[in-house]
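You will see two complexes here that share subunit A, one where it goes with subunit B and one where it goes with subunit C.
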Partner chain A sequence: MAQWDLANADAVLVMGSNMAENHPIAFRFVMQAKEKGAVVMHADPRFTRTSALSDIHAPIRAGSDIAFLGGIIRYILENDLVFKEYAVRYANLATIIDENFIEAARNEGLFSGWNEEKHSYDFDTWQYQGMVIPSALAEHYLDTAESYSEMTKRLHEGPPPDDPTLQHPNCVYQILKRQYADYTPEMVERVTGCPKETFLKVAEALARNSGPDRTAAICYAVGWTHHTTGVQMIRAAAIVQTLLGNIGRPGGGILALRGHTSIQGSTDIPTLYNMLPGYLPQPNAFKPQARHFDQFLDDETIPTGWWHNFPKYITSLLRAWYGDSVGPENEWGYQWLPKIVGDHSQLAMTLAIDDGLIKGMFLLGQNPVIGGSNSKLVERGLGRLDWLVVRDTDEIESANFWRKGHLVQSAERRPEDIGTEIFLMPGELAGEKAGTFTNTHRLIQWHDRVVEGPGDSRSELWFVYHLAKRLKALYANSELERDRPIRNLTLDYRAEGPREEPRADDVLREINGYTWPEKKQVASFKELKADGSTACGCWLYSGVYPEDDDNRARSRIPDGPDGPGTHLGWAFAWPANRRTLYNRASADPDGKPWSERKRLVWWDEAEGKWQSPDEIDFEPEKPPHYRPDWDKKPEGMDALGGDEPFIMMPDGRSQIFSPSGLKDGPLPTHYEPVQSPVRNPLHAQQDSPVAKKWAREDNPLHALGDPRFPHVLTTYRLTEHHSGGTPTRGVPHTAELQPEGFAEIPPELARQIGVRNLDWIVLSTPRGEVETRALVTERLKPFEIDGRHIFQVGMPWHFGWEGYATGDIANVLTAVVGDANSSMHENKALTCDVRAGRIRRSRHRR
Partner chain B sequence: MNVHARAAQAPESEFEHVPPREAEMTAGVTIEPGKRYGFFTDTTLCIGCKACEVACKEWNQLPAEDGGLTGMSYDNTQRLSATTWRHVTFLERMGHEGTRRPDDLPGFQSQWLMMSDVCKHCSNAPCLEACPTGAIFRTEFDTVVVQQDICNGCGYCVPACPFGVVELDELDGKAHKCTLCYDRLKGGLEPACAKSCPTDSIQFGEIEDLDRRARKRVEDLHGRGVVDAYLYGAPGSPGSTGGLERLNAFFLLVDRPELYNLPAAPTRPAERIAPALGTGLAAMAGLAAAAFALFARSQRR
Partner chain C sequence: MTVNRRTPGKRLRSFLRDWSLPRQMRGESHKGAAARSSASEQLRPRLEEADKVGTSICPYCAVGCAQLFYAKEGQLIHVEGDPRSPINQGTLCPKGAATFSLISNPDRLTKVKYRRPHGTEWEEVPLDWAMDRIAHLTKKTRDETFVETLPDGTQVNHTLSVASLGGATLDNEENYLIKKVFSGGLGMVWIENQARV
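Here is the complex of A and B:
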């Protein structure tokens, strides 16, 4: 949802985010909603600046979010508060699931399909009855030998089996009731520590402010993603919002507040290892169907729904990358794409570096010694590289760890023993280069260069462009097959000025896409073809540069006070400038708005098309009563009815129950964090059975109930600093606002260990220990969990040894453990010990 | 704290792209000499982001201070000074029973108060009245500004200010304080702090407009159950006591002024001249009488 659309919400639940501190601009719209009478709620382990501005603060133990959200799901079901007309028609609430499916709640915390030997799930029992549903985001059925396309054929033959009366014992509604039956308000209190009255206030306010006339929004950020169950936390929110009918409607939805400025952009044009631009799958070397391009297309093309267009997007991408050197004769250069062979995410890579498998590394705008989990392990790894290129605006910790880091401070290594050759190259700041930011609601916003960077500093674009140019020159005469991707890579950007700065607008033109070989800009992704006659760097961004001289990302025309408030003239939101995704759902199945108050999209019978002040996220002329003609085995969008708004899903419906695409279950269930002081009160399975643990000597994890680490630790950010701290710790005006590292502890704990405000304390985990100042505050609350007294402490992770604002690195404490789906670390919930005093450090050498 | 290398390389900024009368777009205010301007700081909207502090220092090129970690909640600048002209106060005020903290909140900053403090630009400014050189003057926008080239550093303004705003800088020995961005106003720009405030807690405008807005806001808040909301520094309200009449930078508060580091009943020193003079003369007379009596007695012996 658009950030500014939050102003239309009747209730806002901020959870897994400290929104006022870390997204103050977006929080402006929460405040606007509040001015109009919306109730604002904050469920969070800490009482933060966000809580101070909320009507309700629900304190929960870090990592217990699914218990809280599961409690809300149960509350909605038990009190019959489901927006039935919405959830039955627009979601898979009535769909019937395979008869052998068993919920985790009835099976000691494991869903059906658990394969002890492989230590992973088989997904057969999670499917719709008699029908295999592929994941919209490709990483599915990795180890099946059978062609995936064969298994999903039935999608052409008819709609999934369902029971609109919701009585069938294996329909999703009944499964939900069984799965969340135990998540009573009492259980919520027992697991999360949140008083049940407070929990009920939140659940009640969400439900009361949902329905035809009202909408509620949920905002989350890295407070949810940074868990081994992060993906399922977000899934739980999606289930709540779907049951309440809050997706695709004004003021409703889920706002994923991104971790920093253009993180959305770096998932769209990904720095992620398993996706190509526009959420296309990266081929996997172990997948038999990925050996050749035609098999890959056949396997990855989802028969029904929008993703049926996949071949057009991937072919246009390959054309954009390799130009005239590819065609049907050489599989469009498919063989030149790198194939993944496993988990190549940051956590896995950290270990691979430490194991000496990776020899060289580029760091562009990242400071892993501060931001990476298990910081000492990261340092050891960096110290084993042959070479390391660091591009940044300052000499960051990751560039000078070899003389100032933990290894030399603790005399584990001497600087002269660290052989890594480090190249530190100055980068330019945002104002010193042109380009785009893609923000939290998919809004691509262009910024001009204001001033040239000083000295030798250069933009990232300059660096990558000139590196590629030099590589191409080096390989120009090579006849080796493996060098062809470098030789054939297109690099047709104009470079200007004495610095030969490549034009960022040329890159954006290519991302938008053009015809081939004429290079005439395409107006939208609907013009892309699978025959090589179009080239497009990222299909989702298509439309951002529809004419050679029309950079829509640079447009800044707001609606004004009397306008509709969708601000279509303000920059460009992917896809196709649509501001609210799935906005067909804002009208009822017949195409009428659910209410006048929440009007956004409606069917105009006279004109024969959908109308809206927004761009419509649906086929513009498909009438609400269109039904697929199953006798003709319809494909793509033809297989979706006029009342099925979720066009990216194979069945056009929001997935309350997710049959494919997740490795840890089709529904969320509460697991404890990998490092937790509490036994899972809900079932025998303690933590996520598929969590990535990487338990090894340099990444030790303690056993459950280890008395050495009794407290809950959460790490977080402050509004005064930015992520790894490079842009703020070295700037006096921001450094003075939070000039030194600290950890927040509750007064009860301070009394117990005998420290007062600002005294030194030592935090320790099996990975290491840090010393810092105690900020004793009642904003941190001790919890009663399952009859036990649990203290929770928090430590900001911005600090390091460089800049004006310094402090010990919080990530020395964290572990390399990750979510099974995203490989995201769990730095928001772990355990620690706290004691008074300082660490005795052997200063330098032996 | 030394100047950062990067900052030293680029000491100048460029102002080529400022649109004329920008404040009309950013604050809905047309800035014209002869009208009265000020700030209305609504603490119930403040999220404590400190953007105002940073924007103020960036625009006015004020140095950072190296105070270290204070341990006073998130307040590490602590006070207004010669080099800090906007300052966000933090006050943790968690009411609780035993270990249980409250979770149902009035919703407008009930447990953690935050307020962005600034020079009040008093309508009867005591600093201006105390200044013997004429360095402190009232501008065409009805704001109060210290002219650095005239100030001789006598420091009379410092104790004169009932809010402790003005301070002599250790480096140049002269008085410094907020100018309400006098230079920006002359260029048609909204003051830096107000422009940077993401939640409109700091509002810039004509005094009469701000007054109306503020009174309506208090009414609204009362209607929504925030019965403690009141104005500080508006005519006839706390803060505009002791002959100060009104503060051009005034505030909406939800607790006692002292909790925000504001005096409950500030007084203009000039108000105290007559009574102080009276008491002084009376004391003199009394002493003289006593001395005379003693002298007379000793004479009698």
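Here is the complex of A and C:
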């Protein structure tokens, strides 16, 4: 949902986020909603300014979010508060699941399909009855020897089996009831520490403010993602919102509040290992069907729904990258794409560097010594590289660890012992270079080049372009097959001025896509073809540059005060400038708005098309009463009815139950964090059975109940600093506002260890120790669990030894541990000890 | 501002007549004419001097607040929130409001620093030299570690020994080119950014 759409919500739950402090300008819209009468709620371990501005603050133990959300799901089901017409028609609530499926709640915390030997799940029992449901990007069928695509062909033959009366024992509704039966208000209180009265107020307010006439929104941030169960926390929120009918409607939805300015853009156009631009899968060597392009297409193309267009997008991408050098005769250059052979995420990378597998490295505006988990391990690895290129605006910790880092300070190593050849190169900032950022609600916004960066500062565009030119020259005479991709890679961007700066608009034109070989801009991804007659760098962004002189990202026309408030003229939102995703769901199955108050999209019978002040996220002329003709074995969008709004799903429905795409279960279930001081109160399975633990000597994890680490530790951010701190700790304005590191500890714990406000304390975990100042505060509530009193401690992770605002690095404490689905670390919930004093008497300060 | 060469008496009379505070104390409205003085009459907005104005986006968080950049003779002179933006309507948070300080921070790097293996100090090197050297090292490591097929014959065409980290602070166009050149051109698979941080 667009951030400004929050102002239309009747209730807002902020959870896993301290929105008022970390996304302050977006929080204005929550406040606008509140002024109009909305209930604002904050469920979070810390009492922050977000809590202070909310009507309800529900304090919960770090890492217990699924218990809280599962409690809300149960509350909705038990009190018959489901928005049935929405959830039965637009979601898979009535769908019948394989008869052998067993919920984790009935099976000691493991879903059916657990394979102890492989230590992972088999997914057969998670499918719809008699029907395999694929998911874009799923790694599921790695072990499927025979053609997976054959198994999904039933999607052409008819709709999934369902029971609209919701009585079938294996329909999703009944499964949900069983899975969450134990998540009673009493259990929520026991697991999360939140008083059940407060929990019930939140559940009641969400449900009361949902329905045809009202909508509720949920906002989250890294407080949800930074867990080994982070993906399932978000899934739990999606289930709540689907049951209540809050997706695709004004003031409803889930807003992910992301961190960096273009974190969304760098996910869509991913500098990530497992995807190609536009959420296309990077080929995986261990998928048997990935060996040849035709098999890859067959396997990755989902028979029904929008993803059926996959071949057009991947072929256009290969054309954009390799130009005329590819065609059907050489599989469009498919073999030139490197195949992944496992997890190449940042966590795995940390270990691969330390193990000497990775020898050369580029750090492009990222500071892993501060932001990476298990910071000392990160440092040790950087010191083992042959070479390291650091591009940033300041001398960051990841560039000068060899003379100021922990290893040198503790005399574990001398600079002379560290063999890494290091280049520290000045980078440019927005305003010194032109280009686009994509914000947290998918808005692609252009920034101009107004001045030049100082001295030898250059943009990353300049760096990569000129590096590629040099490499092309070095490989120019190679005859080797393996050097063909770099030799043939297209690089036709105009470079201008004395610095020979490549033009970002040329790159954006390629991202948008054009016809091949004429290079006439395409107006949208609907024009892309699978025959090589179009080239497109990222299908999802198509439409951002629809004509040679029309850069929509630079458009700056907001709606006036009397306008519809969708602001279609302000920049460009992917896909196709749609501001609310799945907005067909804002109308009922017959195409009428659910209510006048929540009107966004409606079917215009006279005109024979959908109408809206937004761009419509649906086929514009498909009538609500369209039904697939199953006798014809329909493909793609033809297989979705006019009342099935979730067009990216193979069955057009929101997946309350997710048959594929997830490695840890088709439904969320509460697991404890990997490093937790308590036993899982809900079932025998303590933590996520598939969590990535990477336990080893330099990344030690302690056993459950280790008395040395009795407290819960959570890390967090401050308004005045940004992530790794590079753009704020060295800038006087922001450094002055928040000048030094600290950790929050509760007064009772402070008394126990004899510490007063601002005294030095030492925090420790099996990975290391940090010293910092104590901020004694009641903001982080201790909780009782099974008769034990457990303290929670919080530490901001921005600080390091560079800049004006300094402090010990919180990530020295954290572990390389990750979510099975996303390889996201778990730095929001771990364990620690706290003692009074300092680590060392004299300490080399900068 | 003009230099005042008058006698103390005249100065006092001029103070009472011209300065805004005495007039406001005499009851004239502080919102109207009495807010002005001969000095303030001559003040001009700094932004009037700008010879270039551009549209920009806050470089910190993903809310995406729009900014206006003002420059004079190639130097940035001011950054402010863009009042037209439906996201921020001219406002900026403490980080966004520090954008000008961030860009014009005198502590910023301006030269390439080089640390040779086992070195104990930074050395300053020319940009061109660094680029050539980095291209050489990239090629060397890639060539030494490139794998075309796995033992079972599966084509992989990758190097597992060169990594790239970062992208969330960069432009879409930059991310695109990083992925295109590093993955599509060189066969690198360790390409990651802050999305998992």
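Quick note on the criterion: the second predicted complex is superposed on the first by the 839 of 846 C-alpha atoms of A that agree within 3 Å, B and C clash if a C-alpha of one lies under 4 Å from a C-alpha of the other, contacts with A are read in each partner's own complex, and residues count from 1 in each chain.
By our rule, a residue touches a chain if its C-beta (ideal position, glycine included) is under 8 Å from a C-beta of that chain, and two chains touch if they have at least 3 such contacts.
Everything quoted here is computed from the prediction, not taken from an experiment.
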Three-chain arrangement built on subunit A, subunit B and subunit C clash or fit: clash
Touching partner for A:Gly265 - first (subunit B), second (subunit C), both, neither: second
Of subunit C and subunit B, partner touching more subunit A residues: C
First, second, both or neither for A:Gly730, with subunit B first and subunit C second: both
Which superposed partner A:Arg208 touches (first subunit B, second subunit C, both, neither): neither
Which of subunit B and subunit C A:His683 touches, first, second, both or neither: neither
Partner chain in contact with A:Ile511 - subunit B first, subunit C second, else both or neither: second
Which superposed partner A:His57 touches (first subunit B, second subunit C, both, neither): first
Partner chain in contact with A:Lys781 - subunit B first, subunit C second, else both or neither: first
First (subunit B), second (subunit C), both or neither touched by A:Arg599: neither
Touched partner set for A:Thr393, first subunit B, second subunit C, both or neither: both
Clash with subunit C (superposed arrangement) - responsible stretch of subunit B out of 1-9, 163-171 or 217-225: 1-9
Subunit A residues contacted in one complex by subunit B, in the other by subunit C: 24-25, 28, 393-394, 450-451, 454-455, 719-720, 730-734, 737
Residues of subunit A that touch subunit B when the two form their complex: 20-21, 24-25, 27-28, 31, 34, 40, 47, 49-59, 194-195, 198, 201, 393-394, 450-451, 454-455, 718-720, 730-740, 742, 748, 757-758, 773, 775, 777-779, 781-782, 804
Residues of subunit B defined as touching subunit A within the complex: 1, 3-4, 6-7, 9-10, 14, 45, 47-51, 53-54, 57-58, 63-69, 71, 73-74, 76-77, 92, 94, 96, 99-112, 114, 198-200
Interfacial residue positions of subunit C with respect to subunit A in the complex: 52-67, 69-71, 74-76, 79, 82, 84-88, 91-99, 101-103, 105, 107-120, 122, 127, 130-139, 141, 145-146, 148, 150, 154-197
